[in-house]
Amino acid sequence: MVTTLRDMAKQIERGMSIALPVDYAGVSMAMTGPIIEHGAGDLHLICVPTGGLQVDQLIGAGLVRTVETSAVSLGEAGGAPRFNDAVKKGSIRVMDATCPAIHAGLMAAQKGSPFLPMRGLIGTDVLRYRTDWRVIDNPFADDPDPIVLIPAIKPDIAIFHAPVADRFGNVWIGRRRELAAMAYASTNTLVTVERIVEESLLLSETTAAGTLPAIYVTSIAEAPKGAWPYGLWGEYPTDTAEILRYARAARTAEGFEGYMQTGLMEPAI
Amino acid sequence: MVTTLRDMAKQIERGMSIALPVDYAGVSMAMTGPIIEHGAGDLHLICVPTGGLQVDQLIGAGLVRTVETSAVSLGEAGGAPRFNDAVKKGSIRVMDATCPAIHAGLMAAQKGSPFLPMRGLIGTDVLRYRTDWRVIDNPFADDPDPIVLIPAIKPDIAIFHAPVADRFGNVWIGRRRELAAMAYASTNTLVTVERIVEESLLLSETTAAGTLPAIYVTSIAEAPKGAWPYGLWGEYPTDTAEILRYARAARTAEGFEGYMQTGLMEPAI
Amino acid sequence: MSAVLPREVLICAIARLLDGVRHVAVGASSPIPAAGAMLLRALKKKAGAPLPRISILGSVEHNFFTNGSAELFDCAGQGRIDAFFLGGGQIDGQGNVNLVGAGDYPGSTVRWPGSFGSAYLYFVVPRVILFREEHTPRVFVDKVDFISAPGVSADGVFRQGGPYALLTGKGLFAFDKEVPGFRLESVHPGHDLDDIRQSTGFEFAHEENPQQTALPDAETLRLLRGDVLDELTETYPAFAEQMRKDHELALKACEVVS
Amino acid sequence: MSAVLPREVLICAIARLLDGVRHVAVGASSPIPAAGAMLLRALKKKAGAPLPRISILGSVEHNFFTNGSAELFDCAGQGRIDAFFLGGGQIDGQGNVNLVGAGDYPGSTVRWPGSFGSAYLYFVVPRVILFREEHTPRVFVDKVDFISAPGVSADGVFRQGGPYALLTGKGLFAFDKEVPGFRLESVHPGHDLDDIRQSTGFEFAHEENPQQTALPDAETLRLLRGDVLDELTETYPAFAEQMRKDHELALKACEVVS
């Protein structure tokens, strides 16, 4: 169960769907390099519910076919340059969603249900272009009441970073329960952590409350500062200067290449 | 926000729907007496997802019109005597469900959705008698694929017992997340706790992970050993002898009356 | 070593029925299924094979869940639970299970607790083992009075799970969903086909001379009475104590005989 | 005390728009809406009235949520969030919001991040305040190129929320869903109707001589520049620092004038 970043990356196969968390929830930036090095492409990324640096870098590296997301941006550092460029060139397909629809799709998978209903969306172009969604008439209403059904999202692999795992494979996710939702919905879950502890996180009710059980975890690997330049709650803040540096560099394909060759995987610890 | 058991009981009005947790999740037995004393009847109980001692006692006290549940029993102490008697006499209406259907109904309310779909159930008499449920054809399937829709369950009030609350109204529920689900779905939530602490449970990420935020909590009251004779995780075990004593006494209406007059609200601390 | 006790026969039968599962969930008040699962794990451990995961609902020690009481059902819906046990106030020859009550619903003459999660789990867990020690025509009826969970479903109904076997105090049946119906696989020591026929309210297939339920070998029995019993003590202390007493009684009986 | 700064006019306008809410949610990168909500809370505290709850998404200090990033949407769906702010790359006269891109979708000539939660929250939060400081015809268009979230919905479509007001760097509009359309409520100091007309790509209703946006009284300004600014510093340090610098500059300018 405990392995290396490189061996974890090898579990990714060409064409797979990969779920990645939102900036502040624990992005495994440490996996970005090994994934690019491994090189399995044609990936379908599912942003839970939005994407940032990691998504932009995987797109820049040419590994991405589709991005299913509610947004991709670098936050304070502005738009995601490789994403925006790829959209303009038409080299990736964007399945534009809205945050609760991504959550609904994962929840459907969590429940073993084929879909989940969701309010809103009627009359939006988000719905108009999502031909994989359906609208039915709410069977519980007396009058016509259209409601959108979101099909289950079942990623092949979920990848995220968390503060702690124990040697049994249990992972402490705290109140970032979207990480659990991703794992429940996904066939396999790869987790990088700041540190691995000896004692089971399930032994104390206090830590158990914020723990994703090992049954949902395929592999874990130690990666100190593994969310950098993103921050990790309770551990370290976001390195905004570094994200700005990336944003500037990645305005061009060449700048992106240069950044990735020199700048990646060097957290300023 | 911090109040007394009696004042909490006064929030219950005749005809309301009340959500109560399963035996091991934190039953506020301390509220049973005050609810009976308050006397608001014609209640619709929703067991999340099954009921026990508290449900049996509220039925015995004549306060219950309907029980929506997946089961009612006293566990090792056998059948629930007042529930079984009321079913036989037809003096209560049972809306027989199955555990995940109760969870699905609460989840629909949590999501602000009118219903949630659920596998299973087709061909059961559970479904046959639940005329408030609907079967549709899964719109995502190529071939006919019937699936059950469970309407949202929106209790007026949820009542449960937990180890700790802080003076801001945040409640520590640990990994008993069905308590959060009940609170999300309910208009008001009344919580008894072993103790109230000064420091906010949200201040530390470790305790925050198992905390139901005050936004979902209407009132809290201190009730040491408030789950007795049920146990409370991490605090005290179930007093099986006392539940057996109740089970024997409550075989008859008179025995039940006697038990309630002398035996209730006297935890052997 | 004393003679094999009836409950040990059941526990060993369960361990065999569970062979190959990755994850089995057991109810909090089901010591015999839990013992069967623990025995299988001990046997796998000895063989150096991958260990099955055992979730015991309501147990703190064996509770791998952290998302409330809905997680078991979610986990099953995700296909992460391979086996589960189901009892029943009534079980009929089609594999239908009744946990609600005898007589006309809703005014049942005998009311049982209710369907619990059966109306869902029976559909999604691949290997549901029906387990009821009491083997009488009262339990094993021709047709249940209330279907909490049906043995089989019509074509086109989503169904990835269902009855796999029926284990009683008298024998072991396999379920054939094509018939649909039960087939007697073996008879426990001390019982015979006639006995089982008279105790069963439904028709079932069987050999002319059904075999006896396999008894555990000495090594398996040693594991069961050693490590497994110790492990069982944590979660089911009363049951484990009773097993120990039964062994002593059986041992004394053997001494008298020999 | 120095003259009222343009951003202070906005903050005070937001505090007024939020009057009466029990719970307002604010985005992590929205210091002006957050300041407006904090000002309202400070005013209510001073008046001894019930305090509004403020959830700032992404903030640890003001994060009342413990169920992951889905909780905001669940909470809104439960009717527990009364007000929310929405920006937009384009906003049109029907209250439609575009957060996706300009030009033909999907090959947008300008791509913005995406719709985030707007396609849901706009439907369920009663008081959505459209807030965009840049007031140009590029933002306020006749018709958005992509509807992330529509201003109004057809009869029979579930809709318990929607646009309540539109606040820009130049003026404040109310939304009338019956028309549907915006109506200019007031013009911020330093701007006039003609200016706003030329900067707005859609038609809107207005008085012949629209009033000026109300300025805060001295007590409100004191609260804003004292307690609220201190509180703001925790979550938006850069913004708070800028506000302090602007005050100093304004103060100096006043000294020069006087």
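We just call them A, B, C and D in the order they show up, numbering each chain from 1.
As a working rule, contacts are C-beta pairs under 8 Å (C-beta built on N, C-alpha and C of every residue); 3 or more make two chains touch, one makes a residue touch a chain.
Worth saying up front: this structure is predicted, and the values here are computed from it rather than measured.
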{"item": "Each chain counted as touching subunit B and subunit D at once", "value": "A"}
{"item": "Any chain that touches subunit C and subunit B", "value": "A"}
{"item": "A-D or A-C, whichever has more C-beta pairs in contact", "value": "A-D"}
{"item": "Reference subunit B; chain at largest CA-centroid distance", "value": "D"}
{"item": "Gap in Å, rounded to a whole number, between the CA centres of subunit D and subunit A", "value": "29"}
{"item": "Inter-centroid spacing, subunit D versus subunit C (mean Cα positions, whole Å)", "value": "62"}
{"item": "Distance from the mean Cα position of subunit B to that of subunit A, given in whole angstrom", "value": "36"}
{"item": "Separation of subunit A from subunit C, taking each centre as the mean of its C-alpha atoms, in whole Å", "value": "41"}
{"item": "Touching two or more other chains - residues of subunit A", "value": "100, 107, 111-113, 118-119, 145, 147, 175, 180, 208-211, 233"}
{"item": "For subunit D, residues contacting two or more additional chains", "value": "65-67, 73, 77, 124"}
{"item": "Every chain pair in contact, whichever chains are involved", "value": "A-B, A-C, A-D, B-C, B-D"}
{"item": "Residue ranges of subunit D in contact with subunit B within the complex", "value": "23, 53, 63-67, 73-80, 124"}
{"item": "Subunit A-facing residues of subunit B, complex", "value": "100, 104, 107, 111-119, 134, 136, 138-141, 145, 147, 149, 151, 173-175, 205-210, 233-234"}
{"item": "Residues of subunit D defined as touching subunit A within the complex", "value": "28-29, 58, 60, 65-70, 73, 77, 99-101, 105-109, 111-124, 146-150, 153-154, 156-158"}
{"item": "Footprint of subunit D on subunit B - complex, ascending", "value": "109-113, 180, 184-185, 202, 208-216"}
{"item": "List of subunit A residues in touch with subunit D within their complex", "value": "22, 24-25, 48-50, 69-73, 75-76, 79-80, 83-84, 87-88, 90, 93-94, 96-101, 103, 107, 118-127, 129, 143-147, 175-181, 233"}
